[in-house]
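This is the structure I want to talk about, given as structure tokens.
Chains: A, B, C and D, in written order; residue numbering restarts at 1 for each.
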């Protein structure tokens, strides 16, 4: 009886075992993860929380129970796989990659019941969605994008390296031009980096901006370099995707 | 006599029946839609409206009459198609997709005669242009872009999903760093989302910006991630267009 | 003697007749155009002009004489081409495309001697550079880019059309959300367009920004749509250039 | 004995001689260059420097000694290559490209011992990393990117030329519209360039923005042109990378 139940739950819970795509149970879990995250997000807002502090407390309690039950069940069904069967197998399972992520996703939840300070850790629950996304209708797209990026990882790292160098160089130049005029904002290279990041990524908040003529000329060149910093990885990704699509078609 | 007129109007009004491109009557309607929209837009500005309140009132009245006549005529000529002939056919026609869009395009017009509060609904008239655009000289380009996007829809959805995750994560990190210093703007994750959207899309209004060192470091990484968020869909679209162009050439 | 001189000047002045690239005389003219433009730009700045008002007056006088002489010479040598020979041919030459551009480039110069108000018209001189650029080392690159853009002009126009529609729609939505709170900036759709342009192009000045929750949600979607507006033409151009490069290689 | 040591050091120090990738000694030097740069950057910040002025003084002294020793050693081992052997060969070596860069990287270091004003020159040390990067695991990616860019250099230069023209034209138009209203910021074309750069690169600081209706209409077109300025080089790079990837695969 227990054996049959374990086998049934294994087929439902273990991603990749269900015939096609996501099993109904895993779909439900995916929805629960999203819901729990939305509640964790909304809870940080005082106005929303004050509407019904009880609701958030009990909602969290519910999610903790649900995800704990799920975690226990995963531990229980792990025995279906030979490598995780037996006591030693279970220990090995506890330290397997996805199992640790599952744990990280419940632990802070339990520790911070009713508090909001560990919200970022709680959002790590999202990582669990990746495992499920790979099986759903997006599976093919996911692996294609993964392939495109990993095949061109050196080019991408290199273009980020060049971007990093330009970042430091821009910060150094603007520091030379503006440090005496705006010491609070451009008084050192580390300080100037804030402006340099905003400029080179073309975000341009405008809370800090050069006011000297030299500073503005340097800034102009930095902004122009920013186009290159956007164009470089975009071009690499475009070529990588083009490549990956064609490889698929040939098969 | 009526039969001949119906057949003549059918050829003129029904998009796709005219030999090549857009019939003269449909071209006129396209121009009228654009004109009516421009007037609806200008009318929202008090300075413009006060120049001649009468003009806008009568212009609207004229457009309502014209588009109502057009709507009636479309209902009348629908009988040319076997599936819409007879009374039941006409009822079916009334609830067909484009017929509903046509209705949505006149109704608010009639309801808000002289008022400006439903201006967004009135701009839905633009949707009718899509139907006509597909027949004109842009028809080929339209279908090519539609094909490129639909063939890579999963990759595009996925890259928007990743963007959404980064959005929430950035908002959570900046909330941790800045909530105590700028509670009004970063006091909760929902509040921080406004900054996160502006940063990750590289818009960067600058009305809200981190001021702590940790906040600025997180912001720098968010801005860098913003480049990825722009680069990802651009790369996918570039590869998709490249693919679509080549498929056309092979034919 | 005159015939020989005309033939010599024709080979020097007429772009495309010189064996390879740009003739020495045309190179000199290109440099003069750039110089005259730089002086026209610098002259608008009071601080620079006050350094030496005489310099700018005489520099302009010199350029007017030089370009007038060039214009006369072009008229004189036009006779080398059968279609422009004789009096009627010269009249035809005067109204040919490049001849009119040459005229537009000197006329405002003469009319505004010493003034700066027609500076934009004077910058039209730059257009003359295009004619010369096509012959220099950039010639191949120029024609390749021209080919890529013209072959995909419908797709590019369409993507600008979609951008235009999103622009109006964003402006209409933000107008609904913010018109009562910030009537000065979002009090009508035409007013809201300023914000919509800055957001959809991801420029984001931040001089105008929504402050209501609804306004910020609409703004978030507009900013996300802005990524699409950048990604669309970039993707089309990437595919078009890829196509054009390959067509060259096949030849 | 000296001969053997020279040969050993030559194999360790000369990039490209070591069997595969980077020799252990060159890896150490790469790390030292990065460390020395980080210290040079941090030293500009008063708060950091005041923590321990002595540390920075002695750290710099150490780096000067290390890099000087390295420089001397390079000079010593240059004799291993026939073209740099002998006294005249060494002189030739001193004026070879990489040797000059090495010198530029130590000289300011020595000159500004304990000062921070030549920080930009000191960051030129980074240039030395390029030489080492080409041998490491990034070597292939580096040469691929170099190839893609150099093969399309004319197209890239041309697109920057067009961007430059649009920059001047935008500045001229905004100058016409805004010079009387905001003379401080738009009173001349050179002044307006600051706004034009921020707009066309889509950085958009917002410290300067047009306020007249005409100015805003011109600004809208400039911002739209900004999309083209980003799209153009991105499209060229995407096509160039696509081309370079395919050429590699064919081999």
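Simple rule for what comes next: a contact is a pair of C-beta atoms (placed from the backbone, for glycine too) under 8 Å apart; a residue touches a chain by one contact, two chains touch by 3 or more.
Keep in mind that this is a model prediction, so the values were computed, not measured.
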item: Identified repeat of the A-B interface (over half of residue pairs identical), from A-C, A-D or B-D; value: A-D
item: Higher-contact pair (C-beta pairs counted), B-D versus B-C; value: B-C
item: For subunit B paired with subunit D, centre-to-centre distance based on mean C-alpha positions, whole Å; value: 44
item: Gap in Å, rounded to a whole number, between the CA centres of subunit C and subunit B; value: 31
item: Two or more partner chains touched - positions in subunit D; value: 198, 202-206, 230, 234-236, 238-240, 242
item: Touching residues on subunit D, where the partner in the complex is subunit A; value: 37, 41-42, 44-46, 48, 119-120, 123, 126, 133, 137-138, 140-142, 144-145, 148, 160, 163, 193-194, 197-198, 201-207, 229-230, 233-234, 236-242, 244-246
item: Touching residues (chain side subunit B, partner subunit A) in the complex; value: 154-155, 157-159, 161, 165, 168-169, 172-173, 175-176, 187-191, 198-199, 202-206, 209, 216, 219-220, 223-224, 226-228, 230-232, 234-236, 238-240, 242-243
item: Parts of subunit A lying in touch with subunit C, wherever the complex brings them together; value: 202-206, 234-235, 238, 242
